[in-house]
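The following pair of complexes shares a single chain, chain A, combined with chain B in the former and chain C in the latter.
Coming up: the complex of A and B.
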């Protein structure tokens, strides 16, 4: 795996760059994931607010719901949930796609035809996953907070302006910047693990399924481990 | 090719949306922390900041005017807090404004609250050190509360004894059972009410009279308003005092004389003592007076005879004529 990662960086910085495939993968991996992630984020924001509301009312601090939901979503829930869904959708997709290409010897054919399959398949997909996931997380955070706003308004009348003012009152750069940076690592982990599992898939069609499955499982675990490390580093700041 | 263009456009929109949201969020956070507004620094010092950190809000009379720039130790008992204050507040914050630590809500973020100080002070300039007021800690509050509880327990015990004493008091029971008490009390209150009304009327009358007296040009008004009269009155009082002192001395002298006379009387010395106490002199004096009376009667007869004498008759007739005229 470490050799695979090393090769990624080696091939990534070396010309010729596959811009066309890279943008296509950005579209497929990033843009096409938006509806699923947006819907999930909206539901998460709404449900989180509705679940929090009774407890916050019990303690008489329902006015703090926007701040609490805002910090929770931006610091942790947004990046983690988005990354997990992204891993489920994209990790499996990459694993299955590269796995099937492997078992059908398309990758070998690319090598024979003079195309660098690693650069074309792995670098573009991994970079696309790494660069589009942060944007997905930001958009998902915004959608999720809107869901939370609607959730608050189920119980009481709160203006949109006041809702965001309350969130911003409690947000610092230290909340948003590390959360944004760590999503690059999450995206990288999802892309590289999916590619690795697919690229080294074997045992026919059964191996394709296994590659897709293990790509999701391993990348999900990797997300949590990376998140743990990110939190430790953030706490040091 | 068309598909590729559509893909690119959608991807571009997607990326731009993400970037826009990111920049917007960072901008609003920065704006909330006063990063995009002109500001000047003010400082204050606390013994303990209780979790205050860089970026926390600064409020002036409850309105957000800036953010905490830094929190640094000066020494083991003093922490300096540097605040970025919006420049538009420069003319409002005075040097005697007092800084204190607070919390945004019950469990919210720490904030620095600035309140206007008492009296006049020049406008605060960049770098000025504002006076601070230490926050009342929860421990101190609990200690005070504990003392208050002890005091309340003592008061409650005293109150219990007092109530028991009242409830077992036969005199008080009799007093409470006395039906005439309420009638008398009511009558007393009515009288009190009437008296109060009369007093009020009287006071109004006195006030009016006094006002009238001071506004007129009579003696009373002069007495109240003429400041030179105070000097005259003072002089008069001084004179009265002098007279009083003289009178006292006179009375003292008289007392001495009376004592002397009394002494003479008691010891039968001196003329008065002899006159009043010596019986022989009294008898002799009575005899002398009898002789004087007889002589006076004889003199009266002689004078009458003289009036009828031919030598003096003319003189007396002229005297009578003058009286008649």
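Coming up: the complex of A and C.
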């Protein structure tokens, strides 16, 4: 795996650059993930608020719901949940696609057609995953907070302006930037693990299924480990 | 056979080729020549290393030892650019066709033209795509996806994609595997037509005896990693050697 990552950086910086395939993958990986990620983000924001509400009312601090939900979503829940859904959708799809290309000799065919398959398939997909995930997380955070706003409004009337003002009162630069930066690493992990599992797939169609499955499992574990490291580093700042 | 071939130009020369995967010796001092315009069948049992052999020729697998000379160049000692240049002259028909599932037939055929740094405008690319499809009689499939085609049609499209660069040498990896008897005969006929029309030399890897009988001008038998015997189909068919007889029974 470390050799594979080394090769990614080695091949990634050297021309020929596969811009066409990269932009195509940004569309497939990023844009096409938006409906699923948007829907789950909305539900999480709404459900989190509804679940918190009775306890917060019990302690008489329901006014703090926007701040509490806002910090939880932006610092942790948004990046982690979005990344896990992204790993499920994109990690498995990359693992299965490359695995299937491997067992049906499409990767070899690419090589004899004057194409570096590592660059064309691995570098483009990993970069696309790495660069689109942070923006998906920003959009997911915004949708999630809107879900939370609707959740609050089930119980009381709170204006949109006041809801966001309450969030922004408690949200600082240090909450937003590390959460944003860590998602680049999550995206990289999802992309490179999916590609690695697919690129070295074997044993026919059974191997393809296994590649897709282990791409999701390994990248999900990697997300939690990277998150743990990111939290430790953020605490030091 | 060998004596008459001495006057011919060798387009592929394989000398003392060795390849192992762990303890499994796949090629063990393998030697072979392919002459210009010739159709050579490499016959061997499943798992005997036939596919490994042609993948070594095109540089997809690196052998442990030996030399492979293709069109005057040692493919094991050339850089990436030179290897790509050789690959434009050597067509490879994959056993599983290797059509790109996510692309239309047109995009599949355009792919090698666009990737091999060949300067062509769109009209020329379209012309070559249609010519390649006409060669295999499938012009109407140009905007279809590979998944919409039958096994035989996919094989012919894969052949068209290989032909689009007008290669001097064709390497066929099990061209009739997975096809019914009638479609197999159609593919063999197509291979022969293409060979005659474009004067290509070809190596056909197979264990299909009908294919051997119809397509081979010369047959090489791969046993235990070595070129065990070579000659015409009729010559080998009459051999008394037990290992050779097994293939013709």
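FYI, the second predicted complex is superposed on the first by the 237 of 237 C-alpha atoms of A that agree within 3 Å, B and C clash if a C-alpha of one lies under 4 Å from a C-alpha of the other, contacts with A are read in each partner's own complex, and residues count from 1 in each chain.
Convention: contacts are C-beta pairs under 8 Å (C-beta built on N, C-alpha and C of every residue); 3 or more make two chains touch, one makes a residue touch a chain.
What you are looking at is a predicted structure, and each value in this text was computed from that prediction instead of being measured.
Colleague: Clash or fit: what happens to chain B and chain C when chain A is overlaid?
Modeller: Aligned on chain A, chain B and chain C fit with no clash.
Colleague: Applying the document's definition of touch, where does A:23 land relative to chain B and chain C: first, second, both, or neither?
Modeller: first
Colleague: To the nearest 10 degrees, give me the chain B-chain A-chain C angle using C-alpha centres.
Modeller: It works out to roughly 170 degrees.
Colleague: Touch check for A:157: first (chain B), second (chain C), both, or neither?
Modeller: The answer is neither, since A:157 touches no partner chain.
Colleague: Which partner chains sit in contact with A:109 here, chain B, chain C, both or neither? Use first/second/both/neither.
Modeller: So A:109 only meets chain C here.
Colleague: Let me test your reading of the model: by the given contact rule, A:64 touches which partner, first (chain B), second (chain C), both or neither?
Modeller: In the superposed model, A:64 contacts chain B only, not chain C.
Colleague: Looking at A:100 after the superposition, I want to know if it touches chain B, chain C, both of them or none. Which is it: first, second, both, neither?
Modeller: Only chain C is touched by A:100; chain B is not.
Colleague: Chain A residues in contact: does chain B have more, or chain C?
Modeller: B
Colleague: Using only CA atoms and the superposition described at the top, report the least gap between chain B and chain C in Å.
Modeller: So the smallest C-alpha to C-alpha spacing between these two chains is 12 Å.
Colleague: Okay, in this complex, where on chain B does chain A touch?
Modeller: Checking each residue of chain B against chain A gives 4, 7-8, 10-11, 14-15, 17-19, 21-22, 25-26, 28-30, 32-33, 55, 57, 104-109.
Colleague: Can you list the chain C residues touching chain A in their complex?
Modeller: Residues in contact with chain A: 55, 58, 60, 84, 87-88, 90, 92, 94-102, 111-112, 115-117.
Colleague: Which part of chain A faces chain B closely enough to touch in the complex?
Modeller: Touching chain B: residues 20, 23-24, 26-27, 30-31, 34, 60-61, 63-64, 67, 132, 134-136, 138-139, 141-142, 164, 168-173, 176, 180 of chain A.
Colleague: For a test of understanding, state which residues of chain A touch chain C in their complex under the given definition.
Modeller: 97, 100-101, 103-106, 108-115
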